[in-house]
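First subunit A sits with subunit B, and in the next complex the same chain sits with subunit C.
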Partner chain A sequence: MSNLITIELNTVAYRIERIHSIHSFFSQYKVDTQGCALAMNNQIIPRAEWQTRGLSDGESISLFQAIAGG
Partner chain B sequence: MSNLLMEGLNDQDFLRYSRQIMLPDIGEKGQLSLRNSTVLMVGSGGLGSAVSMYLAAAGIGTLIIADGDKLEISNLQRQVVYRKSNLGQNKAIAMAQQLKELNSAVTVEVISHRLNEPELSRFINQVDVVLDCSDNLFTRHEINAACVKNKVPLISGAAIGWQGQLMMFSNQQRGNQKASACYHCLFPFTESQQTENCQSFGIVGPVVGMIGNLQALETIKYLTQPNWIKWSTIHQFDGRTLQWSCIDIPKDNTCSVCCPSQAFHHVSREVLQSKECINGEFVYE
Partner chain C sequence: MSERLTIAGKLFSSRLFTGTGKFPNSNVMQKALIESGTELSTMALKRVEVNNPEDNILKPIVDAGINLLPNTSGAKNAREAIFAAQLAREALGTNWLKLEIHPDPKYLMPDPIETLKAAEELVRQGFIVLPYCHADPVLCKHLEEVGCAAVMPLGAPIGSNKGIASRDFLEIIIDQARVPVVVDAGIGAPSHAAFAMEMGADAVLVNTAIAAARNPIAMATAFKLAVQSGRLAYENGLAPVNTQAVASSPLTAFLD
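For the complex of A and B:
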């Protein structure tokens, strides 16, 4: 079985190692998450869970900014 | 303040609000609920323009508006409640004047300065629902904390560029445990280099109007058909593609604002004394 999986971050596909957590994936690919919330399967993943939440083949991550304007 | 429960609707009320009273889900009972309700709206910019006009037109009982800014010419592109003649005036005061033209039956109270704690909690403690129409994260978190503390629902809107966000937080507890998420569960930070506001990133008028309209819609729903509201959600709108996404917000058990270990400070209900009365309106300067 391949150790590589395909995931999407904001509709861009990444081929990554299966072992990644959300946090380690962001670290390795230097994704700037400042000011952002993260959703998977239409549900927010609290930041406290980014270290432990693993990634599976075919999953999509939506990373979006807090908007302040009004 | 606004809790004077009035008699039933008169003939003029039935005429004026007939197109919403005829909806079985609103009816006379819903119209009276609107009239007996008090809403606090923090921020009277693009979101607040849409919110305030629709709530005033719908016959909300009392609308409390807080904004310490003066109207600038760059506001007129999207803050559609104002007229050119309002330039230089305090926005909350100018908005109140426009709303009274729209519907003089609505009690409009004005806070013509930046609303901070502890005053914020004193106002929040006496309203049915809070609408965050502000333009910065610091204020958004302060409003959230006060709503959590006072267990008052928060309907939060935000917009920048072509993007909009609508967020719904009930802030109600089930037993001793807070059942729902809060704004801080979603965005647990107060500062960000990428914190976007209209001054630095621009904003398309109808996008902010769209989110404001939906804040007004959700407020009317909450006050007439509260079971219809889907709390703990963020709806995101992309004005370029017209696409919406709806995302559930689970409660963050590590949230420093709403986690169960957090002590809720009880704020007693206080009667606020108006400092000044202008044109029949209460103004807190």
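For the complex of A and C:
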């Protein structure tokens, strides 16, 4: 079994090592997640679970941030 | 000194709520918001563009000590709005929410049925819900009954700057509301804001008229003064309107 998997972050594909948690993936790829919320399969994953939630091949992460609005 | 506004147990000294969209840049936005005296500002949520991140909108607002009011803009139905609300609570750490559901991007009319459905569920989930809605007295009453902390009926379509086109209906809403009434959308000039406040609105929410002004910072001052002026007038009793002339000076008839 390959040690590499493909995941998507907001439609951008990443080829990453299988061992990553959400948290370590963001750390390694320097994704700024300050003030962000995250969902997978339309389920919100609380930040407290990012350290322990692993990633599987083909999974998609949706990351949301606050922007200006009325 | 005017009475202070309370929404969901939180006291506000300023009755001018603001949006953060359409400002030329975040520096001007921060200065304008501070100048306006606002204590509550809206913002939206969107997917991060990983390769093209947006400016950090939060820092200038939080640094200015302004409370956050995330909106559900982009939601086309109750299900999407509830998801957006949950994302906003997770991202921003607040359970305050401007609930807005508009399926049609042309006129951005709020969907009353989906808004009521979403409001009921979000209240159950512990959100402090401030729904943007039509100036419909029956709808506003229903929104109040399901537990919304305030109602935010429109003056006119979003961004239209047409003023208080819904005047007759806002008067009924204000008369019968037992929660604060915040007039949202359509306020294009300080005189519109003053008029809403003179009518007895508890607050107004202004975005485009400040952000799109030639000088947003000075326009923020103009709106701050207008809101204060309108509220002061309301609290102190406007003189009645008469059809017939009523003399301000004694009619002494000395020419007879």
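Convention: the second predicted complex is superposed on the first by the 68 of 70 C-alpha atoms of A that agree within 3 Å, B and C clash if a C-alpha of one lies under 4 Å from a C-alpha of the other, contacts with A are read in each partner's own complex, and residues count from 1 in each chain.
One rule holds for everything that comes next: a residue touches a chain if its C-beta (ideal position, glycine included) is under 8 Å from a C-beta of that chain, and two chains touch if they have at least 3 such contacts.
Note that the coordinates shown come from a computational prediction; the quantities given were computed from them, not determined experimentally.
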Contacts of A:70 with subunit B and subunit C, given as first, second, both or neither: both
Which superposed partner A:37 touches (first subunit B, second subunit C, both, neither): both
Contact breadth on subunit A, by residue count: subunit C or subunit B: C
Contacts of A:10 with subunit B and subunit C, given as first, second, both or neither: second
Which superposed partner A:48 touches (first subunit B, second subunit C, both, neither): first
Contacts of A:58 with subunit B and subunit C, given as first, second, both or neither: neither
On subunit A, the residue positions that both subunit B and subunit C contact, one per complex: 32, 34-35, 37, 39, 42, 44, 46-47, 62, 64-70
Touching residues (chain side subunit B, partner subunit A) in the complex: 43, 45-48, 132-137, 140, 157-160, 163-165, 181, 185-189, 192-198, 201, 203, 208, 234, 236, 245-250, 252-255
Complex contact set, residues of subunit C against subunit A: 19-23, 26, 29, 42-51, 53-54, 56-58, 68, 70-71, 73, 83, 86-88, 90-92, 158-159, 205, 207-208
Interfacial residue positions of subunit A with respect to subunit C in the complex: 9-10, 12, 31-32, 34-39, 42, 44, 46-47, 62-70
Subunit A residues touching subunit B - in the complex, by the definition given at the top: 32, 34-35, 37, 39, 42-44, 46-48, 62, 64-70
